[in-house]
Amino acid sequence: MIRVGVFGAGGRMGATVCAAVLGSPDCELVAAVDPQHAGEPVAGTDVTISESPEVLEAAAAEVSVDFTVVAGARENLRWCAAHDVHAVVGTTGITEDDLDELTNLFEHSAANAFVAPNFAIGAVLLMRFAAQAAPWFETGEIIELHHNKKIDAPSGTAMLTAHRMAAASQQWAPDPTTAVVAEGARGGLVDDAIRVHSVRMQGMLAHQEVILGTTGETLTLRHDSYDRSSFMPGVLLAVRKVAGLPNGLTVGLDALLDG
Amino acid sequence: MIRVGVFGAGGRMGATVCAAVLGSPDCELVAAVDPQHAGEPVAGTDVTISESPEVLEAAAAEVSVDFTVVAGARENLRWCAAHDVHAVVGTTGITEDDLDELTNLFEHSAANAFVAPNFAIGAVLLMRFAAQAAPWFETGEIIELHHNKKIDAPSGTAMLTAHRMAAASQQWAPDPTTAVVAEGARGGLVDDAIRVHSVRMQGMLAHQEVILGTTGETLTLRHDSYDRSSFMPGVLLAVRKVAGLPNGLTVGLDALLDG
Amino acid sequence: MIRVGVFGAGGRMGATVCAAVLGSPDCELVAAVDPQHAGEPVAGTDVTISESPEVLEAAAAEVSVDFTVVAGARENLRWCAAHDVHAVVGTTGITEDDLDELTNLFEHSAANAFVAPNFAIGAVLLMRFAAQAAPWFETGEIIELHHNKKIDAPSGTAMLTAHRMAAASQQWAPDPTTAVVAEGARGGLVDDAIRVHSVRMQGMLAHQEVILGTTGETLTLRHDSYDRSSFMPGVLLAVRKVAGLPNGLTVGLDALLDG
Amino acid sequence: MIRVGVFGAGGRMGATVCAAVLGSPDCELVAAVDPQHAGEPVAGTDVTISESPEVLEAAAAEVSVDFTVVAGARENLRWCAAHDVHAVVGTTGITEDDLDELTNLFEHSAANAFVAPNFAIGAVLLMRFAAQAAPWFETGEIIELHHNKKIDAPSGTAMLTAHRMAAASQQWAPDPTTAVVAEGARGGLVDDAIRVHSVRMQGMLAHQEVILGTTGETLTLRHDSYDRSSFMPGVLLAVRKVAGLPNGLTVGLDALLDG
């Protein structure tokens, strides 16, 4: 049984993590931290939410999970490195500077850190497959579709996918368009190689489609995320694997999918 | 049996029309015209391609079909109006001025003219359904996907679909995008209402998808055209119905689908 | 303002209805009934859940909404007919005998009843479009995809769609299959006309795709339901229209979509 | 320049191969064989179709391509092995016994043989990706869609895909269905693991979709083949790589995709 402590346990994402840990036969929820919800119980457990990370040490937590905000995550991760608690981090807004600091912190710790921008296994597989397939096709475009409250376009995952496809092949066909009837119709061009189209649609959540074409055939890879619970298999995978990772920092779920 | 004459019978589209007429139990191919292929036989028939339209009169053709080029089509249609031969026209490049002239010509003829920008029944139904559904949804976008030789974007059919959706509802949600990461990602905006995304993909032919969204659900309408033979059911429908249309000019396959 | 009372207000579906009524500018939640949750408040309102329907009369409710269980719904609807409260019903399990009784009850009431098996507007439009398109295609099949807890296959909506397609056209092409490599591969045959394929997939909710094909082209109609909130636009539409319906009983959202 | 000879050069598939070789800058068409079309020229070349394989020797062909019928292919391949001409084979109907014989023949030849049941690179990548992804998902089903002249269901490619998915994971969720409303709705069960649904649709050609689902997300892999030209990139790949393969027989395009 892996002893797990959850940061931000009172928030929506943290509560979902707590539920996933509880539902996993090889994990045990031993501590929960959230200054804004201190004193509340975690449903279905004897654990009470604490104000500060010391509770992880008291409960002998081996792994922490952090889906909070970036300022809080920095503090939490420093604490984990100092106290030899492995860290699994899905908080958004982590910068390159943060990653440098985490590398340094955890190389000097007995614990490891794992950071991923996307914990949906299907999304990570899609990116990998799109890059593997790219050299066999002359054309490739991305359509990402999200709920109509999303303010950035294209999505971060679509940008990352486009970068990986562009890096995987240099032989993309030129755009045939010479008559633009409505400006922007051909999408956003990424790395001078891959066009990305962003759809914003009420009712949808997070969806991405990569289409690749060559003579007489196309290959389409699509990921649909219906629910924030889609992150949980990836979070549990990281919880199980973080102790066995190379010392220091590992970035990206892709690194965990191979064995 | 409807007696049919085909203009441009030696070209790819004209040859496909000839084959469709031959394959139709209630139609008979009686004449074929094509100055560039005069003297050649039409496969599977006794008909020889002629240089000029007089052969339609000689063969007592009741209906002509014209998939040629716009300059030739103008001459052909004047001849048909003058000689009381019904005309079915799929030639691209017909202008509003042409339509005015055709209206005038055929109102003074015993024959009728039928012009359609798209003879694929599925594409026409898609447009109709998109307009009918529009008032029940808050968001609607179009993705059109074509082979990577297509020079205009969006396609004419996508523009027409967007116009019809915009006309069918005035209550489209505003674009939530405030951070454009790659210029053009949100597509081409048509009629200040509908965003259209154009994909150019090797291997594909002509495809269009309309997505409509409201609370918790989406409706997607998709048309796939795999082959120029996709126009033939629509052409044969027009051949059968043109004699019974109102005197003068009728535009659009939509008018033929209701009874 | 339409004065609305909600049966089963403490259940998941009833609570979603309460929230939809609260979010609608032309509706007012005036009463809530649920024997199992009597005494609880309805969030965001002054309304307290009552044990029995008399509270609708006291609050002068004009329209009731019932998403409960069939035994309870029968009692609720008799009460509504006797007390001249219009009834909107989405409860599953309503039988033909129930519909006969409701017709009789509400023909003798000053109120009207509206019953629908599916309140998702997109699903209802899909069925309508599938039937309208059917006569123009030679082949048509249905793929329905649901979460992997669903015990019946095909879904009720898929069966209804197949019946409507079969009724709309008698000219479906015969099945070309002569070598069945895995029994059942060609799906379930409905009305000797339409084949239905049922996919059960973890992560999904409720999705249906109708594919229609003719020479060189296909038309695909797809509905995706992501959330039980997808029923709410249809429920609110019914709440607004039930008072204006013909006296007695009306069945099916389709009847409300035309004007 | 690779010197290529084509068997069955007068047939539809063989003619497509000839055109692909002609269009390839690193390949040269030096010989064509087809008893039924002997004496005819190959369009765009000086090559005349011969009745028998000796012409390959005369023209110093290095690689042969065979898309013929299985009886003819056996003769052609024996000849190639005996005359040290590498063989690329896409003929359908090759049996396990044939593969054993080919292994034996080409292990005793200076030439190599390459046989593949499917030369569409996208279809082969789809199978590979489906197997790689399988262990990360609890549910997986296949929908294959073909033109409505196809007599077998499921398709050979779908069966192969199902076998590979079944072999890649032993942890598929059980079927939740307890109420079968239309027999066959849940598709054909392959290897007691993967359900396959076969759609037959006028207008379509050859399409396959694999859907995989886990908590809150799905991954969909789709291949669309629009044209027999879709085989050509795979055929040219094999022509370029066959000389460098291990001595004897190699089966499946998958083996050529890795470097």
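First chain written, first letter: the chains are A, B, C and D, and each begins at residue 1.
In this text, a residue touches a chain if its C-beta (ideal position, glycine included) is under 8 Å from a C-beta of that chain, and two chains touch if they have at least 3 such contacts.
Small disclaimer: the values here were computed from a predicted structure and weren't measured.
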For subunit A placed onto subunit D, the superposition rotation in degrees, Cα atoms, nearest 5: 180
Interface residue overlap between copies subunit B and subunit D, same or different (over half shared): same
Chain centre separation in whole Å, for subunit D relative to subunit B (CA means): 37
Length of the line joining the C-alpha centres of subunit C and subunit D, rounded to whole Å: 46
Per-residue multi-chain contacts in subunit A, two or more chains: 137, 203-204, 214-218, 224, 226-227, 230
Graph class of chain-chain contacts, one of line, ring, star, complete, other: complete
In the complex with subunit B, residue positions of subunit D that touch it: 203-205, 224, 226-227, 230
Subunit A residues within the subunit B interface of the complex: 137-139, 141, 143, 145, 148-154, 159, 173, 175-190, 195-204, 211, 213-218
Residue ranges of subunit B in contact with subunit C within the complex: 120-123, 125-126, 129, 132-133, 136-137, 212, 214-233, 257
